[in-house]
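Beneath this line is the structure, given in structure tokens, with notes to follow.
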Amino acid sequence: MSRERQRDLYRSMKLIREFEERCLAMAIDGEINGGIHPYIGQEAVAVGICSNLTDRDFITSTHRGHGHVLAKGADPRRLLAELLGTLEGFNKGRGGSMHAADMKLGILGANGIVGAGGAIASGAAWAAKARGNSEVVVSFFGDGAMSQGVLLEAFNLASIWSLPVLFVCENNMYATSLKLESGLAGGAARRAEGFGMVARTVDGMDVEAVAGAAAELIEGCRAGRGPAFLECRTYRFFGHHSVLELLGVEFRDRDEVAQWRERDPIPLLGARLGADVVAEIDAAVKETIDEAVEFATNAASPEPEDALMYLYAGTAAVRPGVIL
Amino acid sequence: MSRERQRDLYRSMKLIREFEERCLAMAIDGEINGGIHPYIGQEAVAVGICSNLTDRDFITSTHRGHGHVLAKGADPRRLLAELLGTLEGFNKGRGGSMHAADMKLGILGANGIVGAGGAIASGAAWAAKARGNSEVVVSFFGDGAMSQGVLLEAFNLASIWSLPVLFVCENNMYATSLKLESGLAGGAARRAEGFGMVARTVDGMDVEAVAGAAAELIEGCRAGRGPAFLECRTYRFFGHHSVLELLGVEFRDRDEVAQWRERDPIPLLGARLGADVVAEIDAAVKETIDEAVEFATNAASPEPEDALMYLYAGTAAVRPGVIL
Amino acid sequence: MHAMNLALHAEMKADEDVFLLGEDVGVGASGVTSGLLDSFGPERVLDTPLSEQAFTSFGTGAAMAGKKPVIEYQISSLIYLVFEQIVNQAHKFSLMTGGQVQIPVTYLISGSGSRFGWAGQHSDNPYSLLAHAGIKTVVPGLPADAYGLLRSAIQDPDPVAFFAPSALLGATDVAYAGEEEIVPLGEANVVREGNDLTVVAVGQHVGVALEVAESLSDRADIEVVDPRTVYPFDWDCLRESVNKTGRLVVIDDSNRMCGLGAEIIATAAEEFDLVAPPRRVCRPDGTVIPYALALDTALVPGAEQLTDAIKATLK
Amino acid sequence: MHAMNLALHAEMKADEDVFLLGEDVGVGASGVTSGLLDSFGPERVLDTPLSEQAFTSFGTGAAMAGKKPVIEYQISSLIYLVFEQIVNQAHKFSLMTGGQVQIPVTYLISGSGSRFGWAGQHSDNPYSLLAHAGIKTVVPGLPADAYGLLRSAIQDPDPVAFFAPSALLGATDVAYAGEEEIVPLGEANVVREGNDLTVVAVGQHVGVALEVAESLSDRADIEVVDPRTVYPFDWDCLRESVNKTGRLVVIDDSNRMCGLGAEIIATAAEEFDLVAPPRRVCRPDGTVIPYALALDTALVPGAEQLTDAIKATLK
């Protein structure tokens, strides 16, 4: 991999890390309503995969979506503005963390319902294919989602119709408190193969490995060889959700967490780049995030009387909650 | 296989065949409301499997359920009485073809929703296991059901909890008009293996082969080795539903139908038994069904004022449709 | 049925982003989709595996990418199976994205309500549920409306559920003469004018209400309103009618508790000038339709019950 | 929350067929199930994979085989995901089998309604939907009721949905003193007596209604009725109240169209002696809760709107 590409990957991962650390602190301080599901630790997955996509390709994301959205190229200022519920957010403050979407970049939305993205991804992929385009759709989801019916149905649909979808399972070994081996029978990649897809497993802490594996599979999608499946073995470094972090609740073994932190994808790549390069990028990223915070905290909030704006795209006379 | 066992299997298959032929005629004549999904052609599956079950074992069935219910030992008189909507039916005329159930024999019901039985089966299996019993649950479903999310979720649940369930896929190569290869990516047994289950495929027109394969897998369930999956390759000899039969609508190739009829499981086993034995059993079965028709056509119908009887097992004041 | 089939042909011809998906749509098992595969090919008429959840959200994804899917469901209760995908996904994307996307999907339930003999899992009428959730919901009672409303539903930029009453499928076939007019969503239709009492009738009960009104014409001058779109409901039309007649009876084939009938009666009580207590004719609370025919018909509202309710309200 | 936790402990102790399943129930992520794993072991406290549909029907199957499952859902909108399994399966087996089986399952939605900041897919209150379908449905407003009703729900031979209002989870914790009384399903509670106007308040709004009644005590003598079980509804209790006061306002945190509020107003208009038009305070039609806090709170009914509605109704 070229040194320039490595720098890009590093920058992108670091941007997510810095963004998420700031968000986590803000969520714990109560500045972000409802809190967030931090992506910290899993950066290599979003970044490795998305480095193979163009702005015209699509992604569907999850409850733990900030990393995917940023890796796809979304402006961190506007993402943070969304998390603060302001009009400058992508969703004009209507979506928040679990629904952040920038349709201009093909980001079909984070999603609050586990497993919901895969079928949406398949539909978008079919539409692209029907138009004769070579766009692909990447659908991210966790190991927990592998047991959701609608996602399994989507595997079948994408496979039978040979749709250009890359299904990316971010296997961080836990679904909230549920251990992988208590939730998933048969193994993720093996299960995907049972739906007639090409399936691979990769070290999700090594961004170059992820990028390489994804490049190949995405190439297959673009060439019309149908969907593929990539399991990325990874780990989240913080609690499932910022509320749990706030309460100090951790369902995992502390030693296990510490061990995985040793495999942090950012210093892993940083070491290949050298301290100088790293320091330079880190400083630039910090500045970007500082700016984002500045931008977002100064953005205007929507007005309560507009609470139902956008409820319908077309016309519909909606009656209010009380009629006097 | 002992000759006696062969006779039993033959009798059971013939009983289903005779029952279904009579029902199909009655449905076409409008004597059975709503019509039926005839099981004709697939008898070897229900019979081969259920010959390994006791009255204490459970089954869940499908929209095409008569064969399963009869093979599990249900009284044809009461099944027909149900199809005629009478009080002598298992469900007192409340269920009809798609909901026929005899709980005393562990028949947890046919089901009008494709794929719905597998999760119900898993729950019953868990309850049996929790009580320390060695009962097994057989869940029947078609090739079309293999793409239903809830069934796929149930595969995972049964597998992860090591439940005594035998999942039986009756692959008759069509889901209404949808061809197998247009509906199911990756193959039925391979898909099941992806959920960590033992999976086998068997000739569903050879009742002895089905019985043999099922014996082994059910033994595994009873011994605590977790769920198993059996794909039975079979074919239905008539249209998807009696209404289509009535309209003369057939979505399949006539030659294909004719070819499969050559492999009719009943004469296949009959040939091994000899003409005399067959004639004797056939005559007895015919008599049984004649009796059932006699019984059912003379059974009393429920009264309209009892339309909501059994809506709740406990108390609940239900308001009627019009209050004057 | 013929009317809906014509509407599908017309919309697919008019807009090449419109496409059809569902089970057995190619062969047109329900009758509603006949001939479409021949006319528009397998690229626009997709036979799906039995994966209602996935193909519903597939429609959402295709809509996000600019397509206009029409999704057929063979059984009304399949709406339960895809409730999440319609109510929690498709419906919410417009607001949740701050207006970045629209989801112009049509959910075509090609036979809703009792089919008399299909029993508990095939006989429900779940339109009140979708209306509660805020899905634009159409229940036509006349063939021309079935045609005109289905076209509007497909053209609408939001998700729209279209419930064709099972009871009318045969009848529609014969009666539809082919007047091809678009009927806008959200506009009710006064199908019979009268001064003494307003009957709101939905779907298959429009015809029933007209007959009953006729049969009672010596006793009272009855107005019959067909809402056509049950959500958003045309309150202005109903207000005018009830403020004129002062009396209201609703006939609606959904369950009593929190059904469409409840909404109409409630709104009338809150806002309109009633001179007598209003009444509904509906299914009982929590109805499960039994198999035996006499039991099935006992639970579905009909002419006799409507007549009784009108008489009682006129007193 | 504490009250529900105690109720679970009590029922699991009283009946060994009762067992618990759901996501993260072992660690008690929602707080409601804390300590149960320690007390009753993994044989009776089952952590499930993220397969809501399968584990819901798993409950049905276990119930058919004699068990009494309590199934926890972490999010109220998960009810959409399992609508088929509850409404079209569990609910229908009793009637469809002609009374051969009963399905004593409890669906425990441990936080329903807006959580203020969880946005569109985590803030709904779907109880009117289940009530429409005929599922016995409980929405407690006071800790002692949460305890007593949850015990009744578990003991009931039919499927029962139990919606704990998110807004009360914190409060409940502190307030519940531990009076351990069973509260039967289907019985409303007059939490404040009065002669001028009846307020029906559900869930978190019981407390709100009491405060508003107090604040208006110089203007009117307000009665507050908490239905506790929303289906089957205690019409007799409400009839008595409304026939006494003649005026009715309902506050209900579900969508206007075909919501519980509609049912209560409709029934009152049909059957009770009202001297003034009734009113409801509810969410707007088809509400999707936006993320920004000010927008979220603007859509959820509150004290101010209730006060306005009462004043208007008293005029």
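Labels A, B, C and D are assigned to the chains in the order they are written; within every chain, residues are numbered from 1.
Heads up, the rule we're going with is that contacts are C-beta pairs under 8 Å (C-beta built on N, C-alpha and C of every residue); 3 or more make two chains touch, one makes a residue touch a chain.
Labels paired with UniProt names: A, B = Pyruvate dehydrogenase; C, D = Alpha-ketoacid dehydrogenase subunit beta.
Only a predicted model underlies this, so the values are computations on that prediction, with no experimental measurement involved.
Chains that touch both chain B (Pyruvate dehydrogenase) and chain D: A, C.
Set against the C-alpha centre of chain A (Pyruvate dehydrogenase), every other chain centre is closer than that of B. We define each chain's centre as the mean of its Cα atoms; on that basis chain A (Pyruvate dehydrogenase) and chain D are separated by 35 Å. Centre-to-centre separation of chain A (Pyruvate dehydrogenase) and chain C, using mean CA positions: 39 Å.
Averaging C-alpha coordinates per chain places the centre of chain A (Pyruvate dehydrogenase) 44 Å away from that of chain B (Pyruvate dehydrogenase). Centroids of chain C and chain D (each the mean of its C-alpha atoms) stand 29 Å apart.
Residue positions 91, 93-95, 99, 111, 113, 147-150, 153, 156-157, 160, 182-184, 308, 311-312, 316, 318-319, 323 of chain B (Pyruvate dehydrogenase) are each in touch with at least two other chains.
Touching of two or more other chains is recorded for residues 48-49, 51, 53-54, 77, 81, 84, 88, 95-96, 119-121, 134, 232, 257, 270-271, 279-280, 285-288, 290-291 of chain D. In terms of which chains touch, the assembly is arranged so that all chains touch all other chains.
Across the interface of their complex, chain A (Pyruvate dehydrogenase) is touched by residues 19, 43, 46, 48-49, 51, 53-67, 69, 84-85, 88-89, 93-104, 134, 136, 156-158, 186, 232, 235, 270-271 of chain C.
Those residues of chain C that touch chain D in the complex are listed here as 77, 80-81, 83-84, 87-88, 91-92, 95-96, 119-121, 124, 128-129, 131-135, 231-233, 254-255, 257-263, 265-271, 274, 277-280, 285-288, 290-291. Residues 147-153, 155-157, 159-160, 182-187, 190-197 of chain A (Pyruvate dehydrogenase) touch chain B (Pyruvate dehydrogenase) in their complex. Looking at the complex, you find that chain B (Pyruvate dehydrogenase) touches chain C at residues 32-35, 82, 85-86, 91, 93-99, 111-115, 144-145, 147-149, 175-178, 182-184, 251, 301-308, 311-312, 316, 318-324. Across the complex, chain C is touched by residues 58, 60, 89-95, 99, 101-103, 108-109, 111, 113, 116, 118-128, 130, 149-150, 153-154, 156-157, 160-161, 308-319, 323 of chain A (Pyruvate dehydrogenase).
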